[in-house]
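Next up, some structures in structure tokens.
Look at the two complexes coming up: chain A is in both, with chain B in one and chain C in the other.
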Partner chain A sequence: MLTTARCVAKRSSLSLLKRFMCSPTNSVTSSISMPPEKPIIGTFEPIKKDIYERLFGVNGFEPVAVELFEVLDDKSIMVRLPFIQLLEYIEKTDFDRPANRYILWGRQGAGKTFTLNHLAYWGYLNGFCLVHLASPRDWLDEPAEIEVSESRPGRLDFPLNAALALRHFKNQNSLFLSKSELKVSQKYTWSLREITEQGEPLVNVIDHGISRMKHASDCYAVLLKELKIAANNNLCRLMVLANDVNLFYKKPLVKHADGRVASVEEMTLARAFMKMFKNDWKNGLFVGATYVNQSHWKNRLTPYYPKALLTDRGWEDFDPFIPIKVENYSDMEADSCLDYYTDKMLLQRPQSKTPEGREEIKAINARNPFEMYKFCSNL
Partner chain B sequence: MTIYQSFNFINKLVTKSPVIYQVRWSVWPPMYVRPIPRRENQLKLINEEPDKFKELTFSPIIAAPNDHNASNFYDPFLRRFVNVVHRSGRKAEYEDMIREVMYLIKKKQLAEWRAADTPEKKAKFELDPLVLMKKAVANVKPVVITKYIPKGGVTYSVPFPVLDKTSEYIGMKWINRAAHDHPKPWRAIHVPALVREFIFAFNGEGKAIKQKYDLHKLAETNKAYAHYRWD
Partner chain C sequence: MNLSRFCVSNAASFHEDEDYERMPFLPQPKKPARPKRAAIYRNVMPPRYLQMATNQNWNDVWPAAKSFNPSSVPLPVFMGWLKGQPRLGKFNNPELVKIPNFFHLTPPNIKKQCMALKKFCSPWPEGLETDEKIEKHFPVEIVTRDYCHASPTIRDPRARTITMRFKLSQLELDDHSRDKIIRLLGKRYNPLNDLVTIETSSCPFKKQNIDYAFYLLTVVYYESWKTESWEELKEPQDWERFFFEKSSSRKKILDFLKTVDINAETKKEDIKEYEEAIKDIVDNQENDETVDAYGRSVAKLLFSQVK
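Right after this comes the complex of A and B.
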């Protein structure tokens, strides 16, 4: 019933603008509650409403997942094995060394994005500075507006997307930005009269980008550069999260005015973000999730291994990285998921509550989380 | 659309000869037995008529219809409804559409059920979409139908009794038609329209229910022509 068309919902410029206008204010009122010390696999960790709006209100979960939260009237994420593996790795990390790169990979619907967002939630609670890219498709394939850059001729700017990204960053890190005292390391001249002096707070750059959308793309690039410098100087601990990283290594759909296909190097935003892929910085970590489309029988057998998805160029960029496989539910996790659905009234058909019915749900969908939700949604 | 036009298909339906299980032109030899695809029916046979089951054990069996299955979630009602709704034989596509309808019904009902504050208000909602659809169709089912009988140069619409099976088919058809009653492109709007019509029919409102009352009224006014059924 949930068609693939809805999975990859087309984001028009109007809806982007609407999200930009309606994003929550950055007031610091929430009281932080720490998650349990040792998370248990299969349990559901609820996200508080105000934290959810701050972290994922602008961008984050896919439309299908947002709809799922709406139907269940509850926003929670299951603790899975890859999340625990990531926590173990982070625990053992020496942050004085170059940043570790992690790549989440697995079948479509296995929970890569959910794991990534769970880590974003964990990072928020543990005082990381988050740089979260939820959908690079917005930049590479269907940007809201395209402009030719004035500061760097030949490059393309996406002012609306850049302003949205800055707003997303500001929302996510409102707590962190209010506590830390990050300063700009050098003088930036945006135009004749608009200048950010050396030693001004970093928030000024973000605010300038949001209020002057023409400079937003440059502001985002400067922000990432300054964060890298700050992390190297031990002023903040950086967590860079990118969903669908392998889209950076395919042919983009964006074109120049003369009809040439633009390369990733020619887009200000993508170029700036791809600099975070390298490990020439320390005191932080990079986590990327791959994207693979296996929704139709025609592409059911497309390879989902990182080597095939990242291509040679991506493999070189990320090498060496730590691959983390996100598998389908184990038997226990599937049971836990079905219990949760029953508890939240998603399962209504009496047969779906019997042991035979539950076995059938698990067997037919091969315990794939998304497929199981799709199957259960109409029972 | 007049009432007479809208009841046209009933006439066609009733005058058609009943479909009997094919014997003369069947590809299966006469010794082949009809299949029992559902597990619950098999268990019933084993427990209640063990002798008959023993006979069937080694007899050759006709292939089961391809829209049957042994799933726990198989429902003959849904199959019948898909048979009414589908076009050009694209059953699989329309099954998906019906699943989406069920999902949206549940979503809407759950949201309203959560918003209701008192337990009395909550009791009014039916959260199981399949049960809701069955009750909606049961509400729309007509008790009596009319048929056109020409007599002495005049065509009378004569009240006739109706089989339960036929009545259910008419109910499904009316709900589908009520959802269908809007300008093109109907496929894009059909799913939310079906959701709306089902919930209307469940609460005893809407176009489909009105059509039933109209038919009952016609049968009541034409009660005097009832004897044309056999004269």
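Right after this comes the complex of A and C.
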């Protein structure tokens, strides 16, 4: 398993639009085959290409990981201990109780995002309704477009990002939406002539948001609200996955037209998503992964513990939650990873395949997954 | 004729008359040299320490504090270092003279001086055998200073300053008042040894300053027991430590147990464990162990079953 470098380069709205236009809408071709009953730590679990496109085609893995998947022509995720722990917790969860919150934490490059996406894959196979937020930075720091909300004055809408989020949701849950019969619980008036009546299928709201980007932010907020209601009524089982949750508790970079820094409560999308952090709903679970930047020697010692990252406000929102630590590779996992790289011909030099070379790779990178990948990609 | 006789007589007088005073600018005739005194060579006395008896009374040699004297210290003392030279001994070594020495404070010497002083002392009071007992019976310590010097006046303005010391644990305080008194005392309180030090020099006399120090202590004590209206604004971020009883964590966990129909009384131990874990995280440093303990305690509560 590999983790990814954080791409902080500003994505242009054009590239977002391109991704939006190119994202697949065709139906799933491969039949769902359940993974082995008990996943074994250190083994690689391959994701079928069409399922990968469906789950992470719009958003999900970081560019570095996507590149690696393309180079190796294999989309596999290593089964890690935190994933097993999560499965154990889910197994003994009583879904009639308020949703449990889990926070994945660990060093940079330890595999938090990969664990989260692995769980998304598992949830997809097990019939969960996925609400997956891969990169809150796109909302909080560098949205493609900023518009002042018409429905709620003073709030900021990000139409393109919202449409992308809706498309992401629709892609991930196409199978689920085709099976389930989720209805809208109340009447929503988008404009004078565009109305979603009570009892219409929930897909209508998503489709409306995708076709009318102006309302996309409101549609996403309504979607989350309706999903909460549906989950409370035992109509669906929700799995809310949020990468980089602690970014919601830092100062955003988005500004109002008058230059005032916008708060998270003033952004329609972020505000709607943060309502999922609370445990006032049931029949589901919330998994968040923290973000910590330790890429430079200057910030190597940045604390990566959950309370330090979530800050007091985040702790207040999530407590009581279950922290799950994502450690660096164990010796066995590192061996497994190096075997995988050797099989896939990522390791080319003969020295890197000797036992001494492998020990050196492990020792130099402290068995950190991302560091090991960066190191091995040059060998 | 006359002139020639005059010249002749002149010449004769220069050579023949010895009664004339010698001209001062003429060189003096050499005096015979003074006979040289025979040099007196004395045997150099050996240093005193070489003549000391091994069973001598050291107090006689070094009765009181004085500067180092190499010849009377029977010890191979070295001090200082020069590059490429042997170690510097005690002779001709000013460094040894500069530093204070304690040769007058040998145990027998101290004993002797104590015995001399004993007749002026009263017996040690009963019941004050240990430091704890002294602390208990005399909680407040007052330090005064007297200055003695040769001058027309016996007054010294520095003598008015007094220092009062006591342990904060001696005062009867609760959580709130203890926090407040520490904030009021500021730098006068040392959290390392729990000692409060109040130094006053506002009044002209020592006695007045002692009274003033006690007045300050009284005022700060009663002030700390007051709760002002603005103290209600104190937020969890301002808490000096984590109070589980009035925290939102307790409320949330009790609400959770209520929604899942579990009597909180039956889960008392789990809640206690959760409390300890969260206190450990908030008050102390966050690390792998504390976060792990927190996770375990939360999981125990979230997955607890109705008995």
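As a working rule, the second predicted complex is superposed on the first by the 368 of 379 C-alpha atoms of A that agree within 3 Å, B and C clash if a C-alpha of one lies under 4 Å from a C-alpha of the other, contacts with A are read in each partner's own complex, and residues count from 1 in each chain.
The rule is short, and it goes like this: contacts are C-beta pairs under 8 Å (C-beta built on N, C-alpha and C of every residue); 3 or more make two chains touch, one makes a residue touch a chain.
Keep in mind that this is a model prediction, so the values were computed, not measured.
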First (chain B), second (chain C), both or neither touched by A:Asp319: second
Chain B versus chain C as contact partner of A:Lys275, first or second or both or neither: neither
Partner chain(s) touched by A:Arg300 [first = chain B, second = chain C, both, neither]: neither
First (chain B), second (chain C), both or neither touched by A:Lys251: neither
Contacts of A:Thr93 with chain B and chain C, given as first, second, both or neither: second
First, second, both or neither for A:Met345, with chain B first and chain C second: first
First, second, both or neither for A:Lys179, with chain B first and chain C second: neither
Contacts of A:Ala308 with chain B and chain C, given as first, second, both or neither: second
Interface residues, chain B side, partner chain A - complex: 71-73, 96-97, 99-100, 102-103, 106-107, 110, 114, 127-130
Residue numbers on chain A that touch chain C, as the complex places them: 89, 92-94, 97-98, 100, 105, 279, 303, 305-308, 312, 316, 319-325
For the chain C and chain A complex, residues of the former touching the latter: 236-237, 248-249, 252-253, 256, 259-260, 274, 278, 281-282, 286-288, 291-292, 294-295, 298-299, 301-303
List of chain A residues in touch with chain B within their complex: 1-3, 70-71, 73, 345-346, 348-349, 351-352, 354, 356-357, 360, 377-379
